[in-house]
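Look at the two complexes coming up: chain A is in both, with chain B in one and chain C in the other.
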Partner chain A sequence: MKSKKNWLRNDSVQALLCSLICVCIGIIIGYLVLLAIDPSGAGQAITAILKNWMNSSMANLRLKNLGSTLVNTAPLLLCSLSVLFAYKVGLFNIGASGQYCAGMTVALYAALAWHMNWVICMILAILAGAVVGAISGALKAYRNVSEVISGIMLNWIILYIANMVLSNVKESTSTYTLKMAQNAPQAILPTLGIDKLFNNFQYATIAIPLAIIVAILIWILLEKTKLGYELKATGLNKNAAKYAGMKENQNIILTMAISGALAGLAAACLYLTGITQWSTGTTSVPGMGFNGIAAAFLGGLSPIGSIISSYFIQHITLGGTSINLSVYPSQVADLMSAIIIYLCGFVAFFKLMLNKWLDKRESKGGK
Partner chain B sequence: MAEQYAIEMLNITKRFPGIIANDNITLQLKKGEIHALLGENGAGKSTLMSVLFGLYQAEEGIIKKDGVQVDIKDPNDANALGIGMVHQHFKLVDCFSVLDNIILGVEPTKNGFLQKKEARKKIVDLSNRYGLMVDPDAIVEDITVGMQQRTEILKMLYRDSEILIFDEPTAVLTPQEIHELMKIMKNLAKEGKSILFISHKLQEIMEVSDRCTVLRKGKYVGTVNTNETTMEQLSAMMVGRNVNFHVEKEEKEAGEVILEVKDISVASKTKGKDAVNHVSFNVRAGEIVCIAGIDGNGQTELVYGITGLEPLSNGSLIYKGEDITKQSIRYRSVHGMSHIPEDRHKHGLVLDYSLEYNLVLQRYFESQFTTKYGFLKRKEIREYSDGLIEEHDIRSGQGSITVARSMSGGNQQKAIIAREIDRDPDLLIAVQPTRGVDVGAIEAIHKQLIEQRDQGKAVLLVSLELDEVMDVPDRILVMFEGEIVGELDPKKTTQEELGLYMAGAKKDEVKSV
Partner chain C sequence: MTTFVLLLQYTLIFASVLTLVALGGCYSEHSGVINIGLEGIMVMGALGGAMVMRFAPFTGFTLVIASMLGAMISGMIYSILLAFSAVNLQADQTIIGTAMNMLGLALATVIVKAVNMAENTSNVSSTMVYVEQKKSFIIRFGHFEFNWFMLIALIILVIAFIVLYKTRFGLRLQSCGEHPQAAASVGIDVYKMRWSGVLISGALGGLGGLVYILAGVSEWKFENGVAGFGFLAMAVMIFGQYKPLRIGVSAVLFGLFRALGSVYTGFPLLVALHLPSTVYNMLPYIVCLIILTFTSKNSRAPKADGIPYDKSSR
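On to the complex of A and B.
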């Protein structure tokens, strides 16, 4: 009884349980929507979404699709780390998308126009993200401008700068940026044999392990270091941080810079694989940064949780593309992840219910 | 016929994770009596009142009103039953008038338009009947704390509450205002209201209440008739042992000057003028200097200026012979300046951090707790924290890993004091260190301050409590409207004289000091 109580009372266990509840409800609602559209194929469609890469009949294709999911997971994971890191310090980095966009611009331009190698491209992307993040941070620290407002405005500013700058390196016949493989092979991330694991899926690069390593580093930074202690204290109680002699303004800027750097790295990890090109006709901020918010919350605001949640979101998103698109819109998967994210707002509620239930059981057991 | 009870709380039990806040507590409030609820911090007074007010649900026990069992699910139920509460922290809208605050939530309307006329009449009537003397048209932010409290009382009366709960009502009042409040409470009881008076100040309980129920560590200790008991008996019931009220300290010659405050001014956050206006004084090693005064006369800002939380707009600070006017908070702190802050939730603690993290808040960066690569030494932090908890008897649900937010106010304060004293400071600045702390703990805190002094530390105490001001320090400086208006010797002065200085009455006569 005693050990069981401690186990269920554990914060991480509760966070995991609540996230799972959110996921289940999201899937059920997604299924109901599919049923409403066309009951006959709903069962098949929901399985397709949930199975994603496991759906393919051929082993080779399965591996390739798994690889594709992971390639997309890496940048999402880094974006969620960006959001999570800022959130731990009491800042809401809705500007992750803009920082991501800045990283993308610099990485692609350095690769395609200056023909830099991948290391420099990646470092420049990180710096670009960090600078954009630091702008929001400085505005917050010295002018008390909400980082949400400055973040959203910067998102749009960066988007149009990106389109403007990248027009110089686009294909003459389309709006898309030049293909990496032909024009900047030196900037493509090395695979180190990782592609072999996924049936020679050439986009599976070091980005995947790199993202996981960064997640672990962020966890260590937050939980084990003096800097993490200071940053979290600043986030939880700015006044107490000041009282204890911490430089709270510096900490805010530093946090936003690190947060932006992570988003910039995220962009490098996607665009430097060459898996996708940027369209200079894009009129909305890339969703990766916003999805990062979702992944961060679904992961219970833990870096390790983010690894799982980021994978899960990409898993069902890509799964959504493999359903019968003549009957169902692929957005069903988006809908499911949206519902799941929305339900994350109820995590506190689920925790409360869980604790109430535990209290009840204990008081009965005590009698 | 059995005794008439307005409210009966029978065998109430309320548990929180890791703690039984109320363990089988019974409280019976007679009609028209003033019933004091006495207990240390964390004894379960607030929990019990929250149960009565519908903020918490008790797991066991029943509540009866006028002999009939009732079910109070939320504060609306409590209001409907005629239970009203004056909270320790007032719940008023600062920019509204007294009248608007009183009718807030029960506004009389006709076709959607406010009918303030009737409301005003009722308020003026009530105000006269109970001697509350409140101007209905005054804006809340302009009136004194005492008057704000009377506004809260009127709020309850306006809602026709029969049972009035006062949660530590005297904590924020001046001696004169406390006296007024006592009179008002007696008036209310005479008019048939039943009053529950939560306090840990024995003197007030003796003065105003008819009966007193004592709680200790969540348990019911007993109920006594106030006129048949003594302060000593009550305090023994509350603390579980005899408490020494008198602060004992030996004569001590003060040493060299540790802190010299030279003509400093600090800007006010809210008003245009300086909150601290050209203040000079010094604190020497081995003495306790007390800044006395009514709340809001610049004491807070003075401490902010000395500790570096706010910049000085004029003057300089000499600390251990060095000009620190421009130095950072961290610099002052590592050079032996300890600060027990006035607001423990705002400055003193990171409430969502564990107790151990809070205990190293001022020294987490020292090599004792951080490796040279910037990693925290968790084991050392835990050992240090466990040591402090043991040494200072800081009580909490789960020891070092308890989240500070879940601790009682008294134990939070103990943690801060332990942290600040353990840094072995040269100058200890203690701002209202006994605020919201129970009798037993007050005694211990006073002892600790005097111990620091005896060890040759300089102690700067800021206090609003007259007893504390008279008993603890070696010198008293009275602050009024941002200026030091007098220096008194606690051995030679009287509470009356002190009160006059605090009220600014003697200001003109003592200008030359």
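On to the complex of A and C.
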């Protein structure tokens, strides 16, 4: 009996339980929306969203679609790590999208205009993200500007800069940047045989294992090192950390720089595979950073949980594009992830209720 | 000359949007709830107003009133998501606000696409067109297009000043944002006050969203949302030190920079600088960052802003 209680009181079990409940409610609401639009195909559509790559009839196509989902999961995982790392230090990095965009701009420009190889492109992307993150951090530390507002403003500023800079390396007939395969093969990430696993899907590169390794490194940094401890202490109580001799302003800037670096790396991991091109006519901030917020909270703010939640969110997002688009809008999947984050806001409340209920049961058992 | 009239017109209409939304934020923050979801509320308000314009059989001034109500009511209903979670369940207001921004965008896009598809199966866009309806909102004085919302924003600004500083409700509302425990000790229902603060901010944010989509063009692609205007409005509010009259002034300043992006081609001096047009698009956001850098140090935010109130903890 006692071991069972401990099991439900375990923090990770509670986090997992909360996430599962959020996901279930999100799926139910998504289904209801589909029903409201057109009841006849709703069942089929929701299974298409949930099955994603498993939907294809042929085995090799399934593998390719799984590969494509994983290629998109890697940047999302890195973005969610960016958000969760900042959040652990008490900062809400809504500017991950802008940092991602900065990384994308620099990586693509270095690849297409300067013909750098992939290592340098990736390092430059990381630096670009870190610089943008550090700006938000410095404004927060020294000028008391909320990182949420500076993040949003930087998102838009960088989006416009990206369009301006990348229009120098775009195709002459369209708004898209030049194709990587023809114009910058030296900057494409190596596959190291990973593509063979996915039926020669050439975009499956080292980005996938790299993202997972980074997730583990971030977990070690946060849980096992002195720096991680100091950063978390700063997040819990800035004044107490200062009193204990930690440099709280420096910690805030460092956190945002690391957080930005992760978002910059995320962009390099997607755009340097050559799977997609950037359109210089884009008028909205890329959603990757915002989805990173969803993945971070759905993963219970743990780097390891993020691996699963990022995959899940990418799974339903790509599933959303495979539904019958002449009847249902693909944004139904976005709607589901938004609802999931909204519900994640209640996690603290839900845990409180669960613990109260457990207390009650225990005291009853004692009688 | 015409360019100056155009600049004035755009400045005033964008200032109206920012005033309305910033005042919305002001009510919510004075009651003690940070409303980051203003962007999503604006989108939902715009959706409500656009739906009225599309389906209601009104014309002329009745249409103005009806779509205004449509926008305010849908903004208010949407803000219940924030009020319930932030006030009753003490949820993290930043996460909830962010989720509301994403949800508003996705929900509005899904609804508009569904409506478009229902009318014409080959129309899968998220664009709403309201060329005819827009004429009801505008009176022409020579080159100047007067929009009713310029006047409405001014009236709401004056009302906000009176409500917040001269009425019992406003002072009580502010006390809940400064020190909710003290407010509760003299018999003020903090939950009720915070609910009203958030609902008012939903109504004003929704109205601001409608004004935004009516500002320049006669159609709106809902996939694009409102381009960070909800957050610009928050910057206006912070720069205005959470005080209605200052908010009005700073809204005009930010509106001017936004308007420059639309009409700069008419000024020979600005054209002679040969700056790319994207620089003008960035301008309001850059100005916002710079201004915040110099004004946030002495923030006048309500003291209990963003801190959930729990009746049982003192």
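Everything below uses one rule, namely that the second predicted complex is superposed on the first by the 367 of 367 C-alpha atoms of A that agree within 3 Å, B and C clash if a C-alpha of one lies under 4 Å from a C-alpha of the other, contacts with A are read in each partner's own complex, and residues count from 1 in each chain.
Operating definition for what follows: contacts are C-beta pairs under 8 Å (C-beta built on N, C-alpha and C of every residue); 3 or more make two chains touch, one makes a residue touch a chain.
Quick caveat, the model's predicted, so the values are computed rather than measured.
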Now for A:A48: first (chain B), second (chain C), both, or neither, which partner does it touch?
-> neither
Mind telling me which of the two, chain B or chain C, contacts the most residues of chain A?
-> C
After superposition on the shared chain, which partner residues are touched by A:A111: those of chain B (first), chain C (second), both, or neither?
-> neither
Could you tell me if A:N155 is touching chain B, chain C, both of them or neither one (first, second, both, neither)?
-> second
Identify the partner contact of A:Y229: answer first if only chain B is touched, second if only chain C is, both if each is, neither if none is.
-> first
In the superposed arrangement, does A:I37 touch chain B (first), chain C (second), both or neither?
-> second
Where does A:P329 make contact in the superposed view: on chain B (first), on chain C (second), on both, or on neither?
-> second
First, second, both or neither for A:C121, with chain B first and chain C second = neither
In the superposed view, which residues of chain A touch chain B and also chain C?
-> none
Spell out the part of chain C that touches chain A in their complex, as residue ranges.
-> 36, 81, 85, 89-92, 94-96, 98-100, 102-103, 105-107, 109-110, 113-114, 117, 121, 124, 126, 223-225, 227-228, 231, 234-235, 238, 276, 278-279, 281-282, 285-286, 288-289, 292-294, 296-297, 299
Okay, in this complex, where on chain A does chain B touch?
-> 9, 224-230, 232-233, 236-237, 239-246, 355, 359, 363
Mind listing the chain B positions that touch chain A in their complex?
-> 15, 17, 59, 307, 309, 328-334, 339, 341, 346-353, 357, 361-362, 364-365, 370, 374-376, 378
Partner chain C, residues of chain A touching it in the complex | 33, 36-37, 92, 94, 139, 143-146, 148-150, 152-157, 160-161, 163-164, 283-285, 290, 293-294, 297, 325-327, 329, 331-332, 334-335, 337-339, 341-342, 344-346, 348-349
